[in-house]
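The next part holds the structures, each set out as structure tokens.
Look for chain A in each of the two complexes below; its partner is chain B in the first and chain C in the second.
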Partner chain A sequence: MTKDHFVCIVDDDEAIRESLRLLLYASGLQSCAYESADVFLADEKPPVFDCMLLDIRMPGTDGLELFKILARRRVPYPVIFITGHGDIPLAVSAIKLGAYDFLTKPFQEGELIGKVRAAISHYRSTRQHLLELQDMQARLDSCTPRERDVLRLLAKGLPNKGIAETLGISPRTVEIHRAHVMDKMSADSLPALVRMITTLEPPDN
Partner chain B sequence: MAATIPGDRKINSKNNKRIVVLIEPDIPVRDALNVLLEGEGWQVFCLGGCDELDAVIRDQSVVAVISESSLPDCTPQEVLERCSKYKLPVVFTGHDLSLQGAVDLIRQGATDFLDKPFPQSRLLDLLDGLQDGQDD
Partner chain C sequence: MTKQQGIQDSANAFDALMDAAVDAIIIIDAAGLIRRFNRSAENMFGYREADVIGDNVKLLMPEPHHGNHDAYLSQYAATGFAQVIGKGREVLGRKQDGSTFPMFLSVGEIRQEGGNRFVGIIKDLSEVRDTQEQVRQLEEQLLHADRLVILGELTAGIAHEINQPLTAIAAYADAGRNIINRRAEPPTGDIESICERIGEQSRRAAEVVQRLRKLVRSGSVSKARHDINQIIRNTLLLFEFEVKRSNTELNFYPIASLQPLYVDEIHIQQILVNLVKNSLDAISLAGQQDGRIEIRVRKVATDVFISVTDNGPGVPAQNRSRLFESFFTTKPKGVGLGLSICKTIAGAHGGSLKYSQPKKGGCRFTLSLPLEFIG
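Right after this comes the complex of A and B.
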């Protein structure tokens, strides 16, 4: 039983959307399409898909903005940007932000299918890990800003007293925040908690 | 006026670390960037290729290396490799690189790629950001 891979296309140009869908379909890859980032974001029940083809230049929320929103949510699927030839600064930003790949218009059929298939197989091999990350991020997002402050200082190795001094609150309050954080993050020990935060927010050096 | 030879080493104390290496074979471009960077308080080691790169980055506490991507004596990958030994960020510049080429450099570890001609502020902001990162 082979599952048809679902590719999601977000592009404001109807002709491009249609030709992409057709080319994908001819290679046995099912797809869905949205005419803008805003329509995609407004979809309350978006389909499950394995790869997104995203136009970098669009009216309204552009491709890069949508990608930033998705990255913040740590969506697990790979995103391939569709760019024009003159879009080097945009393409460089996209890759730095973690885009999987990009396609330059006008694209060749072989290049399109090759890149989409590569993205899907990459996704299959990393999906479990990425889904865990997404779950962890959702838990972190459920913490209040103050709880996150405490969490980050804990990760730096500060004791309760040091955290209290840094944040200008009492050590007792730190203890309460700390207990809430452990609970919300479902961490059974301090090292586990620190591992989570350093996974989600790696220290710069 | 424009110093293009390393030698002006008056700023070398720990609390004044605004040192940058500029690799640019095109002399007018190199001079222009040198003037721009010095005007912003950077000490610049100007090189025309990557020949003396190792000696400079070994002896100085450099914030970053700015390198043209098309060099006469080495590939951008070699520049990245040499700088990675010192964990130095590398910013490439270029005007004839394909989009694929620019993206590949980022994937190989470059900090950024500036498509020539680029606004001066982009380079200066980038360097300031890199220096702040180093101070932490």
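Right after this comes the complex of A and C.
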């Protein structure tokens, strides 16, 4: 593990932010810190980091809300929640939503660094896949709602004509949307496009 | 009936009166020597009449009257200035066994040839005082219990307030040890500054404990001059976590330049804690996400008004007249004592606690305190 690894801290308590940064530093990890979820979200160019330590309770947008926003964006890095004693049910729901782990204050000796390192090495092994997912999601997000409708119906196996009828538009318009979707999603074939959308939005059984 | 017979009759009647009186009656001469000591006096003080006749009455008084009584008598003889005659007052008496007790003493003067006499009539106040003391202690226990109940409800927040600095301390200590072990260069300053931070955070935790200790403390009323703004600020600190958790907006508008008020700090905090907690409960029970609580201090003429206003659902009209009744509650687990206790406390400060309905909805409680009240 090198000093190039970066941890992002989001916590409203200055002393916690500062002490965690120092502890990470003393363990060879660089860090950045934000005093609230809103300040983090407002940062247009946050540094690239490998793990986020997120306080579950904060004024304004709280930790869980921020996590939901990040999950929607499919950010690739693992998130470890910082929780208090009464927050276990919250922490559990965070894990169910896909958080990597959680820490209960005050931390046991070595616990924080141990979990951060575990999260970073997990991230290393899955990063490529996760980055692709994030990229794919960003491409999907760049489609218009109508284009996404067309894409989803394509994935269901409907022909252009069927899509046109379902959406109440002309087959010609469907063709134009479909071309835009293929382009925006950088798909070189229809099967590739279907694979993408089923990865991002697995069909419910 | 002869004149002699008449005198004899009234002497007998007087003796009978003395013996039958429930109050202690003691007659002394101008020099302060005891001349008569009735049966009730015997019971009250524990002396037999025969043993105290001719003794100086100051025998029955603890200091300072014990040492001053002779002077009172001679002053009265010389100037007619009376300390107690014709007024009656509460003083302490001393029994034969040396113990003292509260008593009400009234003194009359018997003007007669051959030397004036003074008659003292004494009521034992011990029982009255005991009852008053018991009531006072019960009230204190009730106030204390109310504070404990509220603190119990704030436990999660308090644990958080203490956990924060502890977490920072643990992290600083771990960091410091790693730096020493690895001989890494700390980013800013050195080990000394890490130690300083640890110290700061321990004091932060200690302050939380200190704030609580005051509220948890049981004990008698102790009024002193306090800055009302500061009392409010300290109280609101207790709610930091609760407010954060419920996403409620809590605003305090202090008053500029206000003389310190003569109040019991803990009791004023208790009123505020009750009011703010009620507002938070109402807002959270209504499931409101836009909760707002506002605390304002104003001064009008000779009173200070502290209002706690929220934008919760307010108090339904049919409950308004019963708000301050003991054991009236609408909370699922409430006891119904908070507001009634608060009103009592306000009264003990010469002030009042009132409910009003803001035009925009919600509810408002206003505590008024007189600028000058020595109670």
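Note that the second predicted complex is superposed on the first by the 201 of 205 C-alpha atoms of A that agree within 3 Å, B and C clash if a C-alpha of one lies under 4 Å from a C-alpha of the other, contacts with A are read in each partner's own complex, and residues count from 1 in each chain.
Heads up, the rule we're going with is that contacts are C-beta pairs under 8 Å (C-beta built on N, C-alpha and C of every residue); 3 or more make two chains touch, one makes a residue touch a chain.
Here the structure is a predicted model, which means the values were calculated and not measured.
Contacts of A:37 after superposition: neither chain B nor chain C is touched.
With both structures placed on the common chain, the touch criterion links A:102 to chain B but leaves chain C unconnected.
With both complexes placed on chain A, chain A has more residues touched by C than by the other of chain B and chain C. In the superposition on chain A, contact is made by A:85 with both chain B and chain C.
Contacts of A:112 after superposition: chain C is touched, whereas chain B is not reached.
Applying the stated contact rule after C-alpha superposition, one finds that A:187 touches neither chain B nor chain C. Across the superposed pair, chain B and chain C both touch chain A at residues 85.
The touching residues of chain C, counted against chain A in their complex, run 156, 159-160, 163-172, 174-176, 178-179, 182, 184, 186-187, 194, 197, 200-201, 204, 244-245, 247. Against chain C, the residues of chain A that register as touching in their complex are 13, 15-16, 18-20, 22-23, 25-28, 57-59, 62, 84-86, 105-107, 109-110, 112-113. Touching chain B in their complex are the following residues of chain A: 83, 85, 87-89, 91-92, 95-96, 102, 104, 204-205. Of all residues in chain B, those touching chain A in their complex are 97, 99-100, 102-103, 106-107, 112-113, 115, 133, 136.
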